Amino acid sequence: MTADSSSSTATSPPPVLPEPEEDLPEKSGLLADRDAIRQAHEQTVGQRPGTLVVREDALPPRLFLISYAENFYQEKEYADYTVLLAYFRAHPEIKHWIDVRGYNNLPLMQLLQEDFQIHPLMMEDVLGDYQRAKVEETEHGLFMVSRMTEFTRLLDIEDDQLSIFTGDNYVLTFQDDYVDCLDPVRQRLRSGRSSIRRRQPLYLAYALTDVVLDHYYPTMAAIGDYIEKLEERIFLGRSDRRLLNRILHIKKDIVRFRRLVYPEREKIAEILRMPEEVVPEEIKTYFKDCYDHAIQAMDLAESYRESVSSLVDLFLSDQSNRMNEVMKVLTIISSIFIPLSFVVGLYGMNFQREAPDGSINHLNMPELYSPWGYPVLLAILGIIVMFQLIYFYRKGWLTNR
Amino acid sequence: MTADSSSSTATSPPPVLPEPEEDLPEKSGLLADRDAIRQAHEQTVGQRPGTLVVREDALPPRLFLISYAENFYQEKEYADYTVLLAYFRAHPEIKHWIDVRGYNNLPLMQLLQEDFQIHPLMMEDVLGDYQRAKVEETEHGLFMVSRMTEFTRLLDIEDDQLSIFTGDNYVLTFQDDYVDCLDPVRQRLRSGRSSIRRRQPLYLAYALTDVVLDHYYPTMAAIGDYIEKLEERIFLGRSDRRLLNRILHIKKDIVRFRRLVYPEREKIAEILRMPEEVVPEEIKTYFKDCYDHAIQAMDLAESYRESVSSLVDLFLSDQSNRMNEVMKVLTIISSIFIPLSFVVGLYGMNFQREAPDGSINHLNMPELYSPWGYPVLLAILGIIVMFQLIYFYRKGWLTNR
Amino acid sequence: MTADSSSSTATSPPPVLPEPEEDLPEKSGLLADRDAIRQAHEQTVGQRPGTLVVREDALPPRLFLISYAENFYQEKEYADYTVLLAYFRAHPEIKHWIDVRGYNNLPLMQLLQEDFQIHPLMMEDVLGDYQRAKVEETEHGLFMVSRMTEFTRLLDIEDDQLSIFTGDNYVLTFQDDYVDCLDPVRQRLRSGRSSIRRRQPLYLAYALTDVVLDHYYPTMAAIGDYIEKLEERIFLGRSDRRLLNRILHIKKDIVRFRRLVYPEREKIAEILRMPEEVVPEEIKTYFKDCYDHAIQAMDLAESYRESVSSLVDLFLSDQSNRMNEVMKVLTIISSIFIPLSFVVGLYGMNFQREAPDGSINHLNMPELYSPWGYPVLLAILGIIVMFQLIYFYRKGWLTNR
Amino acid sequence: MTADSSSSTATSPPPVLPEPEEDLPEKSGLLADRDAIRQAHEQTVGQRPGTLVVREDALPPRLFLISYAENFYQEKEYADYTVLLAYFRAHPEIKHWIDVRGYNNLPLMQLLQEDFQIHPLMMEDVLGDYQRAKVEETEHGLFMVSRMTEFTRLLDIEDDQLSIFTGDNYVLTFQDDYVDCLDPVRQRLRSGRSSIRRRQPLYLAYALTDVVLDHYYPTMAAIGDYIEKLEERIFLGRSDRRLLNRILHIKKDIVRFRRLVYPEREKIAEILRMPEEVVPEEIKTYFKDCYDHAIQAMDLAESYRESVSSLVDLFLSDQSNRMNEVMKVLTIISSIFIPLSFVVGLYGMNFQREAPDGSINHLNMPELYSPWGYPVLLAILGIIVMFQLIYFYRKGWLTNR
Amino acid sequence: MTADSSSSTATSPPPVLPEPEEDLPEKSGLLADRDAIRQAHEQTVGQRPGTLVVREDALPPRLFLISYAENFYQEKEYADYTVLLAYFRAHPEIKHWIDVRGYNNLPLMQLLQEDFQIHPLMMEDVLGDYQRAKVEETEHGLFMVSRMTEFTRLLDIEDDQLSIFTGDNYVLTFQDDYVDCLDPVRQRLRSGRSSIRRRQPLYLAYALTDVVLDHYYPTMAAIGDYIEKLEERIFLGRSDRRLLNRILHIKKDIVRFRRLVYPEREKIAEILRMPEEVVPEEIKTYFKDCYDHAIQAMDLAESYRESVSSLVDLFLSDQSNRMNEVMKVLTIISSIFIPLSFVVGLYGMNFQREAPDGSINHLNMPELYSPWGYPVLLAILGIIVMFQLIYFYRKGWLTNR
């Protein structure tokens, strides 16, 4: 029994998310997911349907074979596909999980397609690398697509495709990455007690689907934590534009997440509707559980969406509030000093006590000549200020409200 | 007939809700409900489905047995499960309600699962402690999940799970809290007149579902009262940011409440669609009544949501309105005094009557030398102010509108 | 043939609606309808289902019996229920409408329940006084709930419940108010020509349902008139906060109205789906007409909702517009006078022509000594003002736009 | 063959729509369509269903009979209904279109109802003059209601009802107006080549329905043109309140239009579902075409709604933008002149060089006595202004952005 | 084998999109798509259904015939239709694609209609040039309409109609443009290896439908790129009105795109529901793939719509933000200088030390005579400014936040 080291790669640790204030190379924050769907299609525009095309940046394939039975377990990476196939064909009495990671070897892919009698269109879905979650019946069992999510340091949801084919005594999976979230299933297989070993391959397919679904929760948890961080920032009054940008970015992530989970739910619902001979009732019970999880993931996403909407409301209200505050400062200062300026301007006028003809104009600003003129004026100014301050205090403009 | 004291715990009184101005430890107001769903899942990521895991902070279980028949009633807390089981097995002719409160004893839970032949996935739902309301058929009867709501002092909706299994002569319930909202049913059982005693256990399950649904109304009532309080504050003009925060918090509560009630409605609708041999027509009549209540709870929630939306509109309009008011004060004061300042500045200019060559510049501000210069100027200033005040009054800026 | 005076109470005249400026005791404008649903439930929390409870503020019952056949009509109020029942039982060959107004007599209600074999849950719906419109089959015919609306002086939609039971030769109705909107049906019954007299009691039930639906139009008309009034006020520029409050209040009314009518439509749709032996085709033709009316009422409500949304838009745009206007006044006055003030301030400086050493500083403000200094300055100021006015006029700030 | 002159009335030309700046008697712009539905109902509140009531302002009826067969065509207005009926009954071998315009003659309407065996409720729908588009089966064929739209000079959508009854050899139509949009069908009938002449009356009914649907496009075209006009005005910066009002008015029109077309689509869908013996497959092909048209009309309405929403966004952004501009002018002027005013105010202070004791205060504003004081100050002021202008230019406040 | 040069026209290169700042002749940006639907209908108002009308600006038809079999390929443009038809009829054993580009020859169109037995209503759909994507069964096979999209330099989505008729051994397509997006299919046909050659004509129809759907992705890619460009502009702070206009324009495009794709999806769903004898299972597998593509196109459109909504939010927040900034500048400058102006105004007052009677008013502004008066005052002013700057700095108004 060979436990290959590469397959024991631990599940990648949660990413260190950037602080909301941090600079990110977010050239195209709002559109980052555009490329996935588009690229998948641009390469195949006008191609004959079912033509296999491999993305240039795909990884070269690595082949793993896990062979298991109730009392048997063997796990091995094969460099040579023919050796793997030979072993697989030589042992029809036990169950096999052929785990293909990386696509970048077209002839190998075509061999796989022929040996496992995969419909060209399905193989195209596998390699195209962007296909919503779905399930289809094949001659040998089911063809299922799941999407595995990862929340990245750039605050994007990255999703990799897991394509699963089931047969009488095998499960064949394809994915483009060497690291995945399926290790818990491998661990359970290794430990002898797992019921996966006893049951038919379809149950392994279920276990893989379930672990992918379970992996949605850490993604959502990371998003939830980030929302909390953003909320905190807003409460600290740091409502700058970058914050709004991040909020909208997270909102988009959530919307996208929902669009990922929704077909997952539909896929499972379709499995539940399949006839007994394709999916036995006993396995359906387990998929029913998956179905509940998918609905709860959508509930959670919905709840986050509501939270993010509230954040946007808070942000906008804050922006308007700060404008209000700016205006208040201006208004208080202007309202106090503009009238005072008028009064002192008044006594800066040059009306002459003495007319050109030497007579005295007793009405021309006699205050200026009174011995108490200046102190009385200062007192009056002080009283004006006092009244204004009382007025503003009553309006609540001097306090923080 | 032993009336156990602990089971007569009165329904918890309504919480003393905080005033909208009060400080709360609302670190994560908008996301408070995140943890429930997430924690439930984080513990089980990659677990074998049906593996029983108990949350670490769960309470140790207490076991209550209510045995009843038309003319018999006995209520007792058992410290030892085997004694309870022995009594239960010894009296198949009467009906039993086994009431398990607290989960934190995994071996006991496994015993219960085996003795009552509960499917592992259902037991996982029971212990996972976060499961939307649902109903499933079992070999012995039904498995129902209800969610019991409570509106807390922190303005959150807390919800506990009530899991109900029915059998031929028993109802088995699980919940994680010692205090619940089911006492009215216990009271009815104690009093001899209740029809629960006469009917099959499914009717008791109905009664429990009904009392949970009935308990939604006090929750909604508390929310309704709080909305009214918030509305009052807005009308008093106290539209500060904390108020908006509270409004958004309540809005989230209502949205969450709807998401709790909606599956409840679906659950009952599914019961109503079940065949006669699983749920007899006579019991369905009662569930139909439940169905009406669930719809009315959603109507009420919808109505509150509308009210809260209107509150947000009012809040924002208020914010804009206060800005308007600030601007008006600034504009009135500036508009009155800035022109006056110009005029008095005009007469503060030093244009000289006497040219350097001694000649008289008769055109240079002769007003300054006129005996009536100053009084006339004051009069003119007064008239300017008067006209401005009339203008502003006509615009309605001096009144509160 | 006895025409009882009390039953000829005229339909209540339309309420005198308050002017939008009027003060109302609108303590809880947005939540006024909360109490109906809540109270209905708070009293019955944890009650045994089917337990009859009567609201304390309910009116004592009055009993009316209208007995009719093609050539016979008798209308009478009975103080004693047993007399009524005796008469009813003694004349099975003619049709009867037993019209119970007010519930506040529990024993009487129980008698009615027994004599007419009403299911306890239905009786609970009758007395609970808050039940969405619905229809259910009974052993004797149908049980229908309608909601009669009234638009009150406080701008609320008040709705009373009309519960209708049909039997082979009777219609039994319950309502909590002495005054209702059913008089047109009574009038038609009194006049000999009505087809109600000839047809089965179900047709009378239809006629009652129809008159309730018809009564929705005056309610909507009152709301429509009020919307028009609010619109007029906005056009007069009176967009104060109370107006917004009224708009939101009416919006809530309309939303509520829709929630009242929607189940009415569903109820009728369910009647139309009932089998021929429960509701004959001939009667269905009439209910089909009702169905059209319900849809049209919803159309109307939808149309009003659109209008009210537009009002809110107008209101907010108005608020922003008035801010704009305030700012324009400030800007025009400041922009004109602040530069002028600078200029006159310039010539108020005390730069001395004569240096301390007695020499002449020819560069120090020679303008002050020029004979034309002052008039030229005034002219310059005038020109500055003129240019500014032209600029503002071109911007359209001086006109009302 | 008599071509009656009155029936050749040309389709009314498109209305001359008001310029957006024009004054209209738009007392109740947002509610103008309220009256149609309401009036239709207010008259019949509490009426016996099926009671014929004619609106008081209805026109007196004019009766037209178009008789046609493959090789025969006759068109005539009859003053006397009995003559028409006699002719109709005397020629059962050819097809007839009885075209009733105007209702205001109750006895005549009752005669028609009896002679053509119309159900009282359908006749009520005909005369009530407000009935959503619908179709019902009758004993003789179909009863269809279409709504003919017209976009009026007051920017309202006026809709008239066209009620169509089909029989074995006749089509009976009712409408309240003398002028309609059906002339194209009449023209096609007159010209011998039309397939209407050859086919059964249901095909004529189809042709009428189709021409009504076709007439929706000019209405939409008028609305589209008006939207374009409004858009142009916004682009010219004329975003006054009247413009918003017009935009909201048009928005309401579009919403209303959708509500008119939607039942039309449902009506046709119902016709398509009718059994072969009621509507033959061959005719259904034509109605399928109608169905496409109805969907396209709704698409168009949806597209306009989107455009109008964008207009509202543009309007509001404009309003905010203009505020921005006002503020910029204020800020530029204030920011430039307020500091300058301070400086010149500084040198307007009266600090004395000569102390009361005759000593010289060399520190008291020596600038005032310097020979270059004034020119240097002016230069400094100029530099301040220059820097500010550069700052504002860099901010982009001096250009139009 | 003749490869006609005109049919090898390369797919038109992607348009050079205008910079967001560029001026476009966008007279009717928001309504540009109005004309398509309207014009299609205005010409046919009141026409006999099935009357063929050709748009005046349509192109004169060019006829291409591609004849193919597994080992045969011939491609030719025919100037004379009768020659084409003769060839087509003479070779029933091979498959033909009759490719009609341009409609402007009514007699030719009528010939085609007769020769290929096309239902008049379908021919009307073909020539009307505006028909949502749809599929209908004909006597010979299917009639499908697809819409080919193109994103133009004016930022509009232009869509041309591709009408496809299938028969036993032919595919007949109509379009109004000489250049199209079908060249990839032609290339595949030319190369001998294509499976199109081997299969029935329906597969060619599928290939055409698929290539049209594939062509949606470049359109979406162009829109996506433009959104990114707009986003970049907003981030550079260039939020002028034209930018908003462009954003709304793109939003409209996306909404329109969805309305184009949605019927496409429905069309394919309908094909998938067709019976085996019309569309064989083998072909359905391919259409299923199309279906996935259509759903993904809608997902992508949905994702873009979300992005554009976020752009609008950003834009509006930006607008409000810039207002905030303007206000801050005003407030900082006013708040600093207005109090200073007051102080210097104070010392510009002319209160006289010497009273008219020659006595000394020691209280009248003694500061003016103090030797340190001026320097102390300047120091005080400096301190005031300093404190204000500290206050503003703490508020964060001096930094860019």
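For clarity, chains are labelled A, B, C, D and E in written order, and residue numbers in each chain start from 1.
Methods note: a contact is a pair of C-beta atoms (placed from the backbone, for glycine too) under 8 Å apart; a residue touches a chain by one contact, two chains touch by 3 or more.
In UniProt terms, the chains line up like this: A, B, C, D, E = Magnesium transport protein CorA.
Just so you know, these numbers come straight off a predicted model, no measurement behind them.
Enquirer: Common contacts of chain B and chain D?
Expert: Of all the chains present, those in contact with both chain B and chain D are C.
Enquirer: When chain D touches chain E, do the two copies use mostly the same residue numbers, with over half shared, or different ones?
Expert: different
Enquirer: Averaging over Cα atoms per chain, report the distance between chain C and chain D in Å.
Expert: About 27 Å, centre to centre.
Enquirer: Counting only residues that touch at least two other chains, what does the list for chain B look like?
Expert: Counting only residues that touch two or more other chains, chain B contributes 320, 323, 327, 330, 334, 338, 341, 345, 348-350, 365.
Enquirer: For the complex, give me every residue of chain A touching chain E.
Expert: So the residues of chain A in touch with chain E come to 27-31, 33-34, 37-38, 41-42, 44-49, 119, 121, 124-125, 130-132, 134, 136, 238, 240-241, 244-245, 248, 251-252, 255-256, 259, 312, 315-316, 319-320, 322-323, 326-327, 329-330, 333-334, 337-338, 340-341, 344-345, 347-350, 353, 360, 365, 367-375, 377.
Enquirer: Name, in rising order, each residue of chain B that touches chain C in their complex.
Expert: 183-185, 187-188, 194-196, 207, 210-211, 214-215, 217-218, 220-221, 224, 227-228, 231-232, 285-286, 288-289, 292-293, 295-296, 299-300, 302-304, 306-307, 310-311, 313-314, 317-318, 320-321, 323-324, 327-328, 330-331, 334-335, 338-339, 341-342, 345-346, 348-352, 355-356, 359, 361-365, 397, 401
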